[in-house]
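Can you keep this structure in mind? I'll have questions shortly.
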Amino acid sequence: MKKLSIVVCLFALAISSITATGVKEVKPNEAMVPSVVRTNIGSEPDSLDPWKSAATDTEAIFHNVFEGLMLYDTNGKMIPGLAESVVIAPDGLTYTFKLRKNVLFHNGKPFDSADVVYTYNNLTGMSGEKAVSSKFSLIKNINAPDAYTFVITLVEPSAGFLSLTSIPIVPEGYTNQAEHPVGTGPYRFVEYTPGQRIVLERNEAYYDANRMPKIKRAEIYIMTDEAAIVSGLQSGQLDFASITAEDAKQLSSDYTIYNAPQNMVQIFALNNEDPIFSDVRVRQAVNYALNKQDVIDGVFGGYATKLDSNFSPVMGMYYNDTLSGYYEQNLAKAKQLLLEAGYPNGFKMTITVPSNYQAHIDTAQIFAQQLAAIGIKATIQPIEWATWLDQVYTKAQYQSTIIGLTGKLDPDSVLGRYTTTYPMNFFKFSNARYDALITKAKVETNDAARISMYKECQKILTENAAAVYVCDPNLTVAARKDLKGYVFYPVGFMDLSTLYFEE
Amino acid sequence: MRQHDILVECSQLVKEYKGTRNKPVRAVHDLSFSIRQGETFGLVGESGCGKSTLGQLMVRLLEPTSGTVRYTNFQDGRGNRKQEKAMRKENQIIFQDPYSSINPRKRIGWLVEEPLIIHGIGKDAQERKAMVCSILKEVGLDDSYLDRWPRELSGGQRQRVAIAIALILNPSFVVCDEVVSALDVSVQAQVLNLLQELQEKFGLTYLFISHNLQVVSYLSDRIGVMYLGGLVEMGDTEQIYHHCLHPYTKALFSASVDAFDSVKEDLLLSGDIPSPSRSPSGCPFHTRCISCMKRCIEENPSMVEVSPGHFCACHLIQGMNT
Amino acid sequence: MKRNFPLRRYFSNIHFAIGFYMVMTVVSLMILGFFYIPYDPNAIDIAHKLQGATTAHILGTDQLGRDIFSRVLVGTRVSLLIGILVVGFGVLIGTPLGALSGYFGGKTDEVIMKVIDTQMAFPGILLALMIIAVFGTSLQNTVLALGLMSIPRFTRIARSGFMKYRNAEFVQASRARGASHARILVLHILPNIVPELLVTASLGFASAVMSEAGLSYLGLGMQPPNPSFGKMLSEAQNYILQAWWYVLIPSVAISLLVMGFNLLGDGLQSINQQ
Amino acid sequence: MGYYVRKILGFIVTLFLVSVITFLVFQILPGDPALVILGVDADPVQIEALQRTMHVDEPVVERYVSWVGSALHGNLGISFRYQKPVSGIIADCFSVTALLALFTLVLTILIGLPIGIWLAKHDKAKYIVPFSLVSQLGVSIPSFCMGILLISIFTVKLRWFPSLGFTPWSQNPLACIKGLFLPSFSLSLGTSAVLIRYLRVSIISEQKLDYVRTARSKGLDENTVLQRHVLRNSLIPVITIFGMLVADVLGGSIIIENVFSLPGIGKLIATSIATRDLPLIQGLVMYLACIVVVCNASVDLLYSLIDPRIRLL
Amino acid sequence: MEKERKAILEIEHLHLDYRIGGRFCHAVHDVSLTIHSGEILALVGESGCGKTQTALACMGLQPESAHIGKGKIYFEGRELLSQSKQQWNTLRGKGISMIFQEPMTALNPLVKVGKQIEENGRNHGLGKIQARESTLSMMEKVGLPDVGRLYSSYPHQLSGGMRQRIIIAMALINDPPLLIADEPTTALDVTIQKQIMSLMKTLNKELGTAIMLISHDLGVVSHLCDYVHIMYAGTIVENGPVHMILNKPLHPYTKGLLGSIPSYGKKDQRLDSIAGIVPSLENRPQVGCQFYNRCTQRMASCKNISPHATMRDGHMVACHLYPEEA
């Protein structure tokens, strides 16, 4: 028995020593201005190689490491990046970029037009390899007259092309991006431990003094568990993190809460080829039956923008504000439409929801109850994300689903999803006028004309009730009080260079 | 002595078990004897001598490795379900421990009735119940036991139930495997009396297996003495009791102390019974035998009829005869 | 004395008694739920979400303003149903397998145990994840996944039991009487294994409730909006900052069930050993 | 000799079955790994490029055979998700989970052994009831709930332990222990309750045996009887529990590693199933199956070390 | 008594009860006996008669649920029942040793048998080397071959007879004045039983150890013992020198016991059995003769009056058939 009690004592001692040192270690962090900022990312990066990566989350981090010829500002406007300036020929076909001098890649290699040529050769497949992306297929020709000039010639005019040039420029001949990414951005890559964290460090040789980061090092932890993120914040192990609106309310007294639309459209998609939903009246009836404000209040804590269009107002000039309020909840009208469509007593339907998004599941629960008011019995079927991608997104084998689609700078890449020929048009929306309009808008060089075309497209979608556009939930970020400078972009980009700790 | 026809006969019976490292363990080794109709054949021997295995071979609970068990009063039904069932009806076995030989989770009535159901005897439940009651009465238990659980019964009562279960099918041959060893002396006497009464009443034939020489010699008409899987001596009880020849039988008699008889010959065997998996060469008994000769180590003696009906397997006897 | 009140033996065991009352608490909630539910458990009322206990909602409301008390009443039904079905699944498949394996031994045993070993070599929850990934989330699939997970424990218990009894004297005796294998398996040995199976079933019930909670946490539990304790808890844990009672209630419900059945199992086990 | 040969053969059969089942399951599992990895914003060209690296277009049998072939050479393939050799990823993650499991077992023993012995010595209702209830509470609260509770007390309120990030033992042992203490503690609450239960029952039933009476009849005092005779003997049935506990801890790590953001096997399993990362899942399942089988074998071995009646060979 | 012999153990009016259903049930009722040095005394009866309970009480090893109501036990003049735990511990294994029925389970399966014997010596003050030496010599004394090898074998490697020898060696290593042997040969084969019996007899003669033998087998008792106590349902019904009891039994129970023993001599006649069974603890009559229900010679007085022990024909008997001689 004595032995046992000794063991217990030792154990207690060990615990107390552990906890004692724990307290000590926390203190210096609190006393001084930190040189490290710590935050989280909701999923593993899909690939560190920018050419192989497509995930929004990954780009949000690695946009700190990589830069394109052009960059975008907080309004989504294209601004010079690695190119000091760009001149577009009047015919809209030739883009001449003047490249920045004195730029170094993170590996010390100086940047010049050879790197740009290398990058675009691979992107377009002109190098002889398979093209890295299909988006650049409209490039006819590239060439670099000198070390700091780069010229692109297009097959046909494209209004959205400039936004594509934000694609990262990589050093010529460097093939180890997947292991150790090398770019020109304000932060350079240090390490990535799968399942754990990504570490970035300030690029001391960054060319733009204005964007020179104030914080030396950034640690981005891969955390999926909501509660773990919040407790990470509370225990002072994360300096800022994006959290749910409900949690933000609770933390608002001790943390600075940043809150802004994130250009993501939550969509209640109705399969347009489904026997029931092929009737536009049924789709409209569903639109009229729903009260989106309940979702905004119930699921997003009131922090969301109600939508009636496939665009978020964040999209600025492209957003068709006349559509706002197009579908207000009107049960009489909804019932009338159902009656006309031949469903006086409603019908049964399934809402397929990816099971890893509690917000979408909650939205589905609210909608299910609202639909019951007009006699539609909705069953909620949560499925795994992988299955959702396969069954719903790729094969369109579903009746209805709820999903959030992130916006892009180029309106075409958002609206293009609804064209008949788009391979992943899981809405199965098909409208000849819409298709024609999209094709026309793509090559229209006149801004005003193009904008009105896109607005018309939105109107077609809304009038035909291609889906139910619910809302754009805000991105809510909680940051410790002394961390300042968080800025929002219309696309997923967590700009670390603007952050600083107040002394 | 009752002299009747032979009921069960076994010849050159061998039973081997798979031992460790696939070395066979001979539980019963080249055993031949027969049991006559209506007699009680006593089988005596110490633990591990294979007497229980032999008992189970006799009612086909085990299949012999070689050799045969033949029943004279009905056809041999190996492989034939119908004939096998008939064999099961004719031959019964009662085990030593009345606590483990009766299913503790079944009522007495159910247990006694079960053999009737298995063999489809009795028109209906009513008739079967009457049969159950009558056999219970035979073993000295009344109707009140029908609904009782085994745990409510004493050892002696359980053994009566076990006997009732065995006898309800009206068998001709019953193997009693140490049926009284677990009982207290006074209860043991009750059960022995009961067995004798039933034998007389139903003309039963018993194979009575026990380690207790007193019990065996009290009950049996003939006795076989087993040692390490083989018979060493066999004969009428009187022959064995008064004129036993084998040194092992002698030692056994000397050891089974009787409260009344004074010890005839104080023979103290040294050493332990060898394990059946490491059976000695030659005569299996030679390791403990006081009169062990060189021949005994090399050669296993065969059974020799010393006098009519009295067999013995020992080189000493053979030496005398030849 | 024993005859008057056969359950006295059980209730004199402190574990059994406490476990019994815990389980009965949940069961009585379920029975209450059949006669009286204050609100539609799935009725959403955004305006009154995440409220604490009020006279209108005695246990408060959840993130969608649904009455937690009503959801608990219905949730007991679902959780108990899952437990019963899972245990039933395990018993009905695991026991016969174990019985054959233990009774016949040899090749049969080797094959069956190989299959069971293979299943045991998969981490339990992984198997469930795979099943649900293939077939999707629903009550049936949750039961299927958890049921499959629970088979080995019943197989093992049944196997060791049948092995123990296959050469018991009473089995030998009835074999000598001509009883068929089926008869021996079902009528003779099985009743002797029942107490141990009951212990296993009781512990299995507890672990089914726990595993359901685990699956729900991974987003693979029940279909919404149907409430089960696990589902409620996994939804609630996101609101631990705002509404601690919302987390507490399903936790307590799960603890009552799990603890109750564990204690019942413990109690039964020590009663069996007496 | 035969014993080991049979054991190893059985082991191989198990592994083979495990690998076939995993492979088959992934054939019927809906979902394209390339799509899952890249998400809804992916360019079709990117998806196609990724698919090419995965060889998902080859026939099933061919892929399986080639997988077995390279697995036999110790090459478990390249992870779809991470584009790295599976064995390396597993090795990295396993160092975390192994430490977690080790700490959990150590804590289980430290908590369970004294309490179990104490309860067996004081086999009275007034001690057992509160202890049973408390220890049962450890088992009956879902581990993610317990994890969150522990974090909110010890990390958020008291700031004794970190809630995220893992420091390798080689880097800083103290920080490593600190990082793993809470997760292993929340796992060990359940396992130690199981240990307590089995140990208590085992000691009590062992105390009823004849040899304990023999020991008492020598005039040994109660503590000597307990330590020298009862304890060692009652550990034998408890060893079996340890084999099971290892499996429990590995299973429990799937959830607990998510709660504590630990980059271990458990978290890896969850993500690799979600992303349909077949090579990684295959590797993981084989790995875990090996661990379970090896644990069972060690339990057998331990048995024979403690109990002279059981001799392997 | 022809010789002045020293009393080793005296049990006076021992009562041992169990509480069953709120009522005290007598497992041992008013038992008195005396064992003298060098004597072998037998306690005979069927199972459930309280023999073992009596023996355990002498060792202070009765179950915790047992309650010793009245009575005294003196060992070499020292009262035992009022001893402290510590005093019991010094007594057990040195003053009184005990061996148990099941040699299979009475040894710790995980400890080498030599160690188990040695432990008893070490516990009572023997030094390490000394204990080992006396262990080996004791093992030889109980007739074990090859003691050096046997010392480090485990119980499961030994046969039942050898194990019982080990247990005897363990009990006798401290040369105790009294050995209590609880059915030491019941689990053994007859030839082995005979070996153990003659061993015990030899040890009794050589070492002078008094033995209290508990047995149900009158055969064993008749060949080993000097003095017999017949127990029935917690009481001693008859006692006296062994030859007297066997040849001139007085109590109907003793007579029944002897009549129940089968032998060749009784062949072809029914055994003289006693009807019924030993009543269980709860079902014993509170007053009157315990044997009343099974007795063939019962009288009215037997039912309500407990018989007193009387001397008759040179031994004691407690039965109303033998009224106290005035």
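Chains: A, B, C, D and E, in written order; residue numbering restarts at 1 for each.
Here, contacts are C-beta pairs under 8 Å (C-beta built on N, C-alpha and C of every residue); 3 or more make two chains touch, one makes a residue touch a chain.
Nothing here was measured: the structure is a model prediction, and the numbers come from that model.
Colleague: How short can a chain-to-chain path be from subunit B to subunit E, counted in steps between touching chains?
Modeller: 1
Colleague: If I rank C-D and B-C by number of C-beta contact pairs, which comes first?
Modeller: C-D
Colleague: Could you state the distance in Å from the CA-based centre of subunit B to that of subunit D?
Modeller: 54
Colleague: Please work out the Cα centroid separation of subunit A and subunit D, and write it as a whole number of Å.
Modeller: Their C-alpha centroids are separated by 37 Å.
Colleague: State, to the nearest whole Å, the distance from the C-alpha centre of subunit A to the C-alpha centre of subunit C.
Modeller: For subunit A versus subunit C, the centre distance works out to 43 Å.
Colleague: Give the residues of subunit A that touch two or more other chains, as numbers and ranges in rising order.
Modeller: Within subunit A, the residues that touch at least two other chains are 227, 356, 384, 386-387.
Colleague: Pull out every residue in subunit D that's touching 2 or more other chains.
Modeller: 29-31, 148, 152
Colleague: If I apply the definition of touch given earlier, which pairs of chains qualify?
Modeller: Final set of chain pairs in contact is A-C, A-D, B-C, B-E, C-D, D-E.
Colleague: Please name which positions on subunit B make contact with subunit E in the complex.
Modeller: That would be residues 46-47, 154, 156-157, 184-190, 192-193, 196, 211-215, 217-219, 237, 241, 251-252, 254-261, 263, 268-270, 272-273, 288 of subunit B.
Colleague: For a test of understanding, state which residues of subunit A touch subunit C in their complex under the given definition.
Modeller: Per the stated touch rule, the residues are 226-227, 230, 244, 246-247, 249-251, 294, 297-298, 355-356, 358, 361-362, 364-366, 368-369, 379-384, 386-387.
Colleague: Of all residues in subunit C, which touch subunit A in the complex?
Modeller: 42-44, 46-47, 49-50, 63-65, 132-133, 136-138, 219-220, 223-225, 235, 237-242
Colleague: Could you pull out which subunit C residues touch subunit D in their complex?
Modeller: Its residues touching subunit D are 14-15, 18, 114-115, 117-118, 120-126, 129-130, 133-134, 206, 210, 213-214, 217-218, 230, 233-234, 237, 240, 247, 251, 254-259, 262-263, 266, 269-270, 273.
Colleague: Which stretch or stretches of subunit E touch subunit B in the complex?
Modeller: Contacts found on subunit E: 46-47, 159, 161-162, 189-195, 197-198, 216-223, 246, 256-267, 270-275, 277-278.
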